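Down below are the structures I want you to see.
After this come two complexes, each holding chain A, first together with chain B and then together with chain C.
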Partner chain A sequence: MVSFWKLRQSPNFRFAMLTLPGALFLLIFLVLPLISILIFSFWRTESYQLIADWNIENYKTILGQKTYLTFMWRSLVMAVSVSLVCLIYAYPVAYLVAKRGGRYRLILVLLTAAPFFTGIILRVTAMQQILGPIGLLNMALQTFGFEPIQILMYSNVASAIGLVYLWIPFMVLAIYLSLLNFNFELLEVAYVNGAKPWRAFLEITWPLNWIGTAIGIVLVFIPTFAAFVTPRFLGGVNGALYGNILEHQFGATGTWALGSAMGVVLFFICLIFIMIIWRTINLQRSGYTGEEF
Partner chain B sequence: MAAVSPKERVVVVSQSSLLVFLYIFLYFPIFFIIYVSFVDNTVWPFPPVFTWEWYERLWIMSDFHLGLLNSFLIGIGTGALSSIFAASAAIGLLKYQSRLRGLFAVLYLSPLFVAGILIGISSLMFHRNILGLPGNLTSAILANTTQALSFAFLVILAQLTRYDWRMDEAAMVFGARPARCFWEVTLPTIWPSVLGAFLVSFILAFNNLEVTFYNVGAIPTLPTIAWGTLRHGIEPELYSLATVINGLVFFILIILFFLIRLGFVRLGYRGQ
Partner chain C sequence: MSAALPHHLTSLQLRDIAMTEPALKLEQVEKSFDKVRAVDKVSLEVNTGEFFSLLGPSGSGKTTLLRIIAGLETPGNGTVHIGGRDVTRLPPYARGIGMVFQDFLLFPHKIVADNIIFPLKMQRLPEDKQKEQLNWILSLVRMEGYEDRYPHQLSGGQKQRVALARGLVSRPDILLLDEPLANLDLELRKEMEVEMRRFQAELDIPFIYVTHNQEEALTLSSRMAVMHNGKFEQVGAKLDLYNNPKTRFVAAFLGSPNYIQGQIKRMEGTIAILDWRGLDLRIPAPANATSGDKIDYFLKHERILIQSLRESEPAKGENRFEGTLRDIIFKGQHSAYFVVLENGEELVVNAATEMPSLKIRHAVEVGWLPEAGDAFLKEED
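On to the complex of A and B.
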């Protein structure tokens, strides 16, 4: 009894009491579901029922059939290009706000983040209202006697624009938060010592803010790779991505086991991408000082 | 703004135009859809013929009220669970110098790196086949909380790093137990960030499609109604629905903005 009283007083016990509830919740409702689809991915489905009949047919289908590989490749190209566009566009914007935003920088950066909260489906609807065949852009062109721009209607380009629209707030926010803790005076030192601006950027700003930038890239890459709403409404007939056939397994066809395997493959592709990015992070080069927060 | 050389001015001007163009890119579609929701000639609304018809149609839509209620319930349930778990975790991580804090921080942030659709389908499979929990509001709240928890955790952590834990120590020195210390010292100071975390997770769950859709069964929510409508082609009711949701979201974001400011002010008193 006395020892229990002592235990309750210890910082470690209090740390556990405060952090364990949420951690257990995540283990049960995030990690266990992911493990469960890993298990189901080795089963098979028969007329909408999961049957515990261990096999690797689902993976053979996904990794062996050309259709699935095509969708995977398309999604990969889409995710890499959308991440690149977001990165190239968001960097100067975040840089400007962090360096020169002054007392307005909180509101300036929150304004870029705000649309994220209106939800995917409404933002895609809004985008379709601009880019679709009876969207504003096309109607304006027709009204003023121009040819419609085919490439912006129901195409992969339209999907890409929609995905940049959805996820660029993450990139701006991640780079901004990194630059917020960046000492811009380091650049002055470089200039005084004769460095050209681009060299100072490549050797100081970019490497010292690479962790934040890398987090931004991953936060855009993952939802883009898994996208299914955007390609469905903006991509047109040939615009389906990996997310669409994944979604299909849980809808009309009800092939739960194959769908689970596709989910597992999605998870591992994202994990491999995170690990590739992680390998490029050099904590010392990033100005990491050993403090955790 | 400090004096800038002509060369720097060019850089600043081009960066500013990128920022302005980003705002236009982000907000024009949203404001356009709000504008269209009030006009009769939705395809080419110039000059506009104003009408309330899309709002009347939305109002009499059978699923709308139920969807609104369900989205609210999912938002409130997720918001409450997420902000309580996140506040408790953030306090634990920052107050006690445990060796495990890095590990826990990674765990709490990990849902950010799992695609939404993956959380949706894995929760569906787990809840239905292993827990025997059919698709309903509870199931949707549990699945949404995993993702919202990370955002709530970030919101609270960002503010709490400015908190001066010596206040808690002072209270403890004078004999306050941890619980009393929390209610009388910590919470009165940090409540704006906890409320902020609640609102952020509320909005995320309220508007969530890919997690909710797979876990809510046949029960309508606003995003699943929008998804269903959109699949049959755009209908003008969707514009009024979007306007209602956008209005609600921006109202909450304004509250959130003032909460963040209030949080800065309150924590600013500690003079670190």
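On to the complex of A and C.
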């Protein structure tokens, strides 16, 4: 018993015990599936059967055929533009709530997450009801004798609108949480020292809240890059993205090995994106003092 | 002058001197928050080269007034002129002021050099000029060699020096300081008090210094205003305020004096005889006072003579009382003597520490001339 007591005092043991549940969870639900996907991606599918015949044909297909690269490019453009639109829209919202929300700011932030009260399919369908050919918007236009807006019907623009709508709460939340810890008095210092409001924003607010903003961008970029439900409902026949093709491999065509390889590629693209964002974060330049965390 | 001034700024300074306008002029400035008058019809002129303190307890409106001068608050009424220019409606960034804040408020993501040149960068000064100014101010505040540090790598005193450097680097028309020493420990505060007087004297920029600490205000400033409930109680040279308080509040506030309450028994010309819980006390009669009036009399600790019994004869008209020495608190060069008088009232006396004839629990004598204290008619609260 004495030795067990001593063991409990050991910092290494305590660290191990504290991290064990989380580590186990990650191992079972993240690392193992990832490894299996990685293994499958070097196999081959034949008649809906996975065959352990090691090869790199799947990667040759994805990285060599123009079709796959096109879809990858489309998804990338989609992810970048959706992240950008979310950012431009979410920053003022988060700023206003953090600065002027007063005692209502928690409720205001939770309200931006109100769409989460329902499922994703329902939300995307709701968007379809608004943007589609027989949707609210175009029906109304037609009723009053106008032409329907073609670009909103089953197009990548429609998908983008839907994706912005889906992921904007993440961006608002990430920026809002960052601004909560931001000392707005620093802006007064900037003003007194001759900075106009926009200059103060660029010099002070933006760099000091870049970590939160970067987290928001990552949280929007990754699900957008992998999106398949939204483009299927809102994008129509010509609106398919990388995610749709990927999903296709596990469904209709049953080419699991190719699908796995597509998943691995997706994983690495996201990883590279996170690395790029991470490189922009300099803790000291973000005002990290080494005390607060 | 320890450091050479860059030429173009010297000429700016010459322009300022050439102008006869006061560096700062406030006229009937008012500001209310909801229904509370934070600043109530304040007028003030501060000249180039002055070290002016705004002294007041918290909630007296001094910080609000400073923020109005800075442009961080808009006055409800009245005008603000800086260097002869009406800036009442101008935003803070167009006012050409410097400001030092209570929590230093350095930009945590910028190194010392970038913090200091921030105002110059905003003015789009050429980079070589920025560099020149930076080196000049770094030597003035004695922070050479710290250019590349981040604020969190500095001590409190160093942060304060950087904050002052940032406020002064562009040689503003006026420097506003909001309790800049409140977050420093005593030793550092004393050191920075000396330094700030030096900066002010060398640069000849008017300093407007807000503080609730009267010692700071009395040490640093040439002139000062005591503020209370949004109004100026008294404005003037610091010694004048200390020696001749014009209002009851100033008398009670400056020097934290002994507070004596009583009722006038009779008048003897300019002297009133006060009934102080059974003792007859001679005080200078306040204007319009008659017998029966209730009086507040404030007597500063250092204006009381303390000695052993019958060590000297009282001067003509002097108040002289016997009492018991209850305690002595050693404060260095001087000590505080607590004397309980026959009427049960206690007086605090500040006197030299070396007084071997005075022993605790022994009888002592205290004495002072009526004019040593300041008498006011009691205000009905």
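Quick note on the criterion: the second predicted complex is superposed on the first by the 278 of 293 C-alpha atoms of A that agree within 3 Å, B and C clash if a C-alpha of one lies under 4 Å from a C-alpha of the other, contacts with A are read in each partner's own complex, and residues count from 1 in each chain.
Rule of thumb we're sticking to: a contact is a pair of C-beta atoms (placed from the backbone, for glycine too) under 8 Å apart; a residue touches a chain by one contact, two chains touch by 3 or more.
Note that the structure is predicted; figures quoted are calculated from it, not measured.
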item	value
Partner chain in contact with A:Leu186 - chain B first, chain C second, else both or neither	second
Most chain A residues touched (candidates chain B, chain C)	B
First (chain B), second (chain C), both or neither touched by A:Pro207	second
Which superposed partner A:Ile121 touches (first chain B, second chain C, both, neither)	first
First (chain B), second (chain C), both or neither touched by A:Ala195	second
Touching partner for A:Tyr176 - first (chain B), second (chain C), both, neither	neither
Chain B and chain C contact sites that coincide on chain A, given as residue numbers	none
In the complex with chain B, residue positions of chain A that touch it	11-12, 14-19, 21-23, 25-26, 29-30, 32-34, 36-37, 40, 50, 89, 92-93, 95-97, 100, 102, 106-108, 110-112, 114-115, 117-130, 132, 134, 136, 139, 143, 165, 168-169, 172, 218-219, 222-223, 225-226, 228-229, 233, 243, 246-247, 250, 256, 259-260, 263, 266-267, 270, 274, 292-293
Chain B residues within the chain A interface of the complex	1, 12, 14-16, 18-19, 22-23, 25-30, 32-33, 36, 43-44, 81, 85-86, 88-89, 91-98, 100-102, 104-105, 107-108, 110-119, 121-127, 129-130, 142-143, 145-146, 149, 153, 157, 161, 178, 200, 203-204, 206-210, 214, 223, 226-227, 230, 234, 238-239, 241-242, 245-246, 249-250, 252-253, 257, 260-261
Of chain A, residues touching chain C in the complex	183, 185-186, 188-196, 199, 203-204, 207-208, 284-287, 289-291
Chain C - residues contacting chain A, complex	70-72, 91-93, 95-99, 101, 103, 105, 107-109, 118-119, 122-123, 150, 152, 166, 170, 176
